[in-house]
Amino acid sequence: MLKKHPLITFIFFGVVLYLISNRLDELLVYQGATVGIFVIAIASLILLTGYSGQVSLGHGALMAIGAYAAALLRIHYNAPVWLTFVVAVLAAAVGGALLGLAAARLSGPYLAGTTLALAIGLPSIANQFSIFGGEQGLSFDIGFPPASLGEDFTQYKWYFWISWSAALIAMYWLRHVLNSRYGRSWRAVRSNDVAAELAGIHVGRNKVLAFTISAGLAGLAGALLGMTISLVSPGVYPLLLSFSLATGAVLAGVTTLGGVMIGAVILVAIPEIALAIANRYGGSETIITNLPGLLVSGLLILTVLLSPNGPVEQMHARHAKRAKSGKASHSPVELTLRVGSKTWSTKK
Amino acid sequence: MLKINGLTVSHGAIRALDNVSFSVEKGGLTAVIGSNGAGKTTLMRTLSGLKSADSGSATWNDHNLLHGKPEHHVRQGVSHVSEGKSVVAQLSVEENLDLGALWRRNPAEAKKSKAEVFELFPRLHERREQQADTLSGGERQMLAISRAYMARPQLLLLDEPSLGLAPLVIEQIFQSIRHIVDSMGVTVVLVEQNAMGALRIADFGVVLNLGTIAAWGRASDLIADPAVRTAYLGF
Amino acid sequence: MSQFLDMFLIGISAASIYALMAISMVLVWRSTRVVNFAQAGMALLSAYIGYELVSRTGNFWISLPLAMILGAAFSAFIEFFLMRTLLKHSNQGPIAAIAPIIATLGLLGVIRAVIGFIWGHGDVQLEAPLSKVGYKFGDTTLFIGPMGLFVICFVVALLLVVTIVFQKTNIGLALRASAYAPEIAQLSGIRVSGIRTLGWAIAGAAGAAAGILQTVNGTGGLTPESLEFSLLLVFGFIAAVIGGLESLPGAVLGAVILGLVLAFVQIYISGTLVFIVAFILLLAVLILRPQGFLGSKAGRRA
C-alpha cells in the first residue's frame, strides 16, 4: 500500500493518530507528543548514519541550536509559531552544513569525537552568554491552542498535534528524498566511497548535504522538544540526550527508517519503566535518578552486542534467508530499499 | 614431515582450495607454483593458522596445523613470511629481528640466530639501526625472511619473496633460501610466480591450478614434463 | 612577565593531565582501533575509587597507585569481556564501523549510572594531600604550589616510565609491533590478543591517574555528571588527534600545545572562549593536517 499511495498512507496514519489522541488521557497524549519528536530526531540520525555512513554523537547539540533559534525569535520578535519552527530548521541546518563540511573529510572515530565534543561543549557555551539566558535558559511559549478547536482542546493535545504533524510531514518528505537521486547516491557512498566516486558521484558534496538535512531535522525536533516543556536551556539538551538518540537509532536499526517508531517509543518508555521498577523497590531517590541512564546505556550495549544492525534489519535478514531459496539474491542496495518501504507498510 | 590431506578452504562463496593433498619430506625445498589466483597464498595462510579450513587435515610432524592460532604454530617450529613485505615498517631492522625471537625464552640462542642472520645478509647488519620502511624492496624481503628465521623454524613458509624485485636480487634471495635449507636444515615451502626460477633451486615442486593440484613431483621431473612446460613454464 | 609565567604554568599543569588522558586514548586506539569514549567515565570511576581508598586508608600516597592498579584491572576487564565479544559479533554490516564507538558510549552511560547508584549525586570531596597555595618568590605568588608541582613531576615520571617500557623492553616491542602490524606480530609468535588487553590495562592506569590528579588539582569535588570530566575527555581526544592518534610522543606534544593555547586564551582573552578555541583547534588540525603532527600518513580521511 505504501509503495503505491504513500500520501494516502501518511494521511491515514495521521487520522488514526488523531482518533487515538481523543481517547488517551493527558499524560499519554503528552508522551505521545514526545514520541513524535523522537521519531524526527531518530530519523535524522538514521538518515545520517544508515544512509550516508557518517556518525554523529552530537545531535543533541544540533537540537539545541534549533531550539535556541526558535526561542530567541519568539522572545525578541514574537514571531508566529510556524515561523519559529522553520527558523529552527534553518539555523540547525546551517550549523549542520558547517559541521558537515568538516565531517565529509573525516572518518569514523574522528567524526565521532568531533561531534561528541560539540555535544559536550555546546551547552556550556550557552551557559556563558547572557543572550542565551544562562543556566535558566529561555522560555519558549507557543501560547494556547486556537479557540476554534473547541473548549476542551487541551494544551497537551495541541503539542501532540503539532509534533505529529511535523513528524508526519518530515517522514513523508524524508521518504521522498531517500527515494530520489540523492538517496541513491547516499547509499552508494555508504556501501563504497571509492566506487561511488568512480561512478561520478560527488562523495564530499553528498555527505555535506546529508549532514545538512539531518541537522535541519534535528533542529526541528529540538524546537519541538523545547515547546513541550516551554523551556530551552542547557539542561533540556544534556549529553544524555545525544546518547539516547544514538540508542534510539541503534534500537531502530540504523539501516532503515522502518524502525524509528520502535526506537522512539522505547526512549519515551524507559523513564516510565524505570519509575515503575523504582516504585516497586521502595521508590528510592537513587534508583529513580540512575535507573533510566542505566537502562538506556545497558540497552545500547546489549543491542550492539546481540543485534548490531537493529531488530528490524535482523528480522528481514531472517526473512530474506528463508525467501532466498530459488530466487536470486538481492544486492545490498536493493535490500535496503525494500526493507525501508516494506516496514512502513507493515504499520497499516 | 608436512602432510596435507584433502584440504579444502573457501573465502565466503569462493572455493580457493579444493581437496588438496601432498606431503613434504623433512629437509627439502619444495616450490609451489601456479598462476594468479591459483590458491597459493590461501594454502600458506591456512598452514600458518591465519585462515581456517573447511575440511581436510594438515600436520607438521605430529602437530595439527589446522588447529590453534599462528602464534601457537610458531612455537611448534612453523614460521610464515606472508605475501608482500612481511616486516613492521615502523620498527628498526634490529627491532624486527628481535621481534621474531621475542617468544624464545633463551636470549643467548636468540643472539646466536641474529649472528647467523647477519652473516647470511651482511646488508642488514649495516642497516640495523635504520627504520624498516626506509629499506629497499630487496632488503625488506631479506629482513622478512630473517625475521621468520629468528624464530628458529623447522618449517619455513615463504610466500613470493621475489615479488617486485629485480632479477639479480631475486637470484641472490633464492641462493640465500637454498643456503637456509642446506646448511641450517630448515624445511622450506616456497610459493612463487617465477615458476622456472623456483623449480631450478627446488628439490620438489607442486603445481596448483584453480585450487587443485595439477602436478606434483621432483622439480627436475616437472621441468622436463612437456605438459607442465607449456602450461606453467611458458615454453 | 608574571602573567606570562602564570600562563606557562597553568598551561603545563593542564597539559600534564591532558597528556595522561591522550595517552590512554592512543593506547586503546593502537591496540583495538577503537576510540574509547568511556575513558572519561573510567577516569571518573577511578577518582571515586581514589576517594573511597583515601577515606578507608587515610593515605593519599597509597591510594593513588592502588587506584591506578584497579583502573588497569577494570580497563583490561572491559577489553576482555566487552570489546572482544563486540569485535567478534558486529564485524559486518553498516554498523561495523560505528558499533565499537556506540558501545563505548553505552559503557560511559553505564559507568555514570553505577557511580550514581553507589555514591549518589551529592558532591563528594577528594581532598588534596598537599597545599595548593602558590609558591612565593619575593612579592610575586606563582600559580603553582606543592600540589601542582607534584602533579607535573608525577606525570613526567610516568611518561618516562612509559617511554622506557615501550622503547627498551620486550613487552614494549611486542606492544608496538602488535599496534602497527598485528598480523606480522602474530606470525612472529606474539600472543596479540593478550597484548591488546595489556594495552588497555596501561591505558586504564594512565586514565585513573588522570582522573585522580585532575580532581585533587582542581576543586576536589566529584559528581557523576561532572562536566569537568567530559571536558577532560574532549581535551584528551583533541590532544591525541593533534599528535596523530597513533603516536605516544605525539599525544604528549598535542597535550602541551593544547594546554598552552588554552592557557593563553584564558589569561589574555577570555575564559568563556576556552572551549570554542579548543573546538576550532580540533577542526583546524583535522582539516589542515589530517595525519596530526607526529602521526603517520595513512589515515583519518574518510
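First chain written, first letter: the chains are A, B and C, and each begins at residue 1.
We adopt the following convention: a residue touches a chain if its C-beta (ideal position, glycine included) is under 8 Å from a C-beta of that chain, and two chains touch if they have at least 3 such contacts.
Here's who's who by UniProt: A, B, C = Unannotated protein.
Only a predicted model underlies this, so the values are computations on that prediction, with no experimental measurement involved.
**Student:** Is the way these chains touch best called a line, a ring, a star, complete, or other?
**Tutor:** line
**Student:** If I count C-beta pairs in contact for every pair of chains, which pair wins?
**Tutor:** Ranked by contacting C-beta pairs, first place goes to A-C.
**Student:** On a C-alpha centroid basis, what's the spacing between chain A (Unannotated protein) and chain B (Unannotated protein), in Å?
**Tutor:** The separation of the two C-alpha centroids amounts to 54 Å.
**Student:** Quick one: report the Å distance separating chain B (Unannotated protein) from chain C (Unannotated protein), using the average Cα coordinate of each chain.
**Tutor:** Averaging C-alpha atoms per chain gives centres 42 Å apart.
**Student:** If you average the CA atoms of chain A (Unannotated protein) and of chain C (Unannotated protein), how far apart do the two points sit, in angstrom?
**Tutor:** Taking the mean C-alpha position of each chain, the two centres sit 32 Å apart.
**Student:** Under the touch definition given earlier, write down the residues of chain C (Unannotated protein) that touch chain A (Unannotated protein) in their complex.
**Tutor:** 29, 34-35, 37, 82, 85-86, 89-90, 93-99, 101-103, 105-110, 112-114, 116-117, 120-121, 224-225, 227, 230-231, 233-234, 237-238, 241, 245, 272, 275-276, 278-279, 282-283, 286-287, 290, 299-302
**Student:** For chain C (Unannotated protein), which residues are in contact with chain B (Unannotated protein) within the complex?
**Tutor:** Interface residues on chain C (Unannotated protein), with respect to chain B (Unannotated protein): 170, 173-174, 176-177, 180-181, 183-192, 296.
**Student:** Under the definition above, what is the set of chain B (Unannotated protein) residues touching chain C (Unannotated protein) in their complex?
**Tutor:** Of all residues in chain B (Unannotated protein), those touching chain C (Unannotated protein) are 48, 50, 69-71, 74-75, 79-82, 86-91, 95, 98-100, 102-103, 147-148, 150-151.
**Student:** With touch defined as at the start, can you tell me which chain A (Unannotated protein) residues reach chain C (Unannotated protein) in the complex?
**Tutor:** These residues of chain A (Unannotated protein) touch chain C (Unannotated protein): 49-50, 53, 55, 57, 102, 104-114, 116-118, 120-121, 124-125, 128-129, 190-191, 193, 207, 238-240, 243, 246-247, 250, 254-255, 286-287, 289-291, 293-294, 296-301, 304-306, 308-310, 313.
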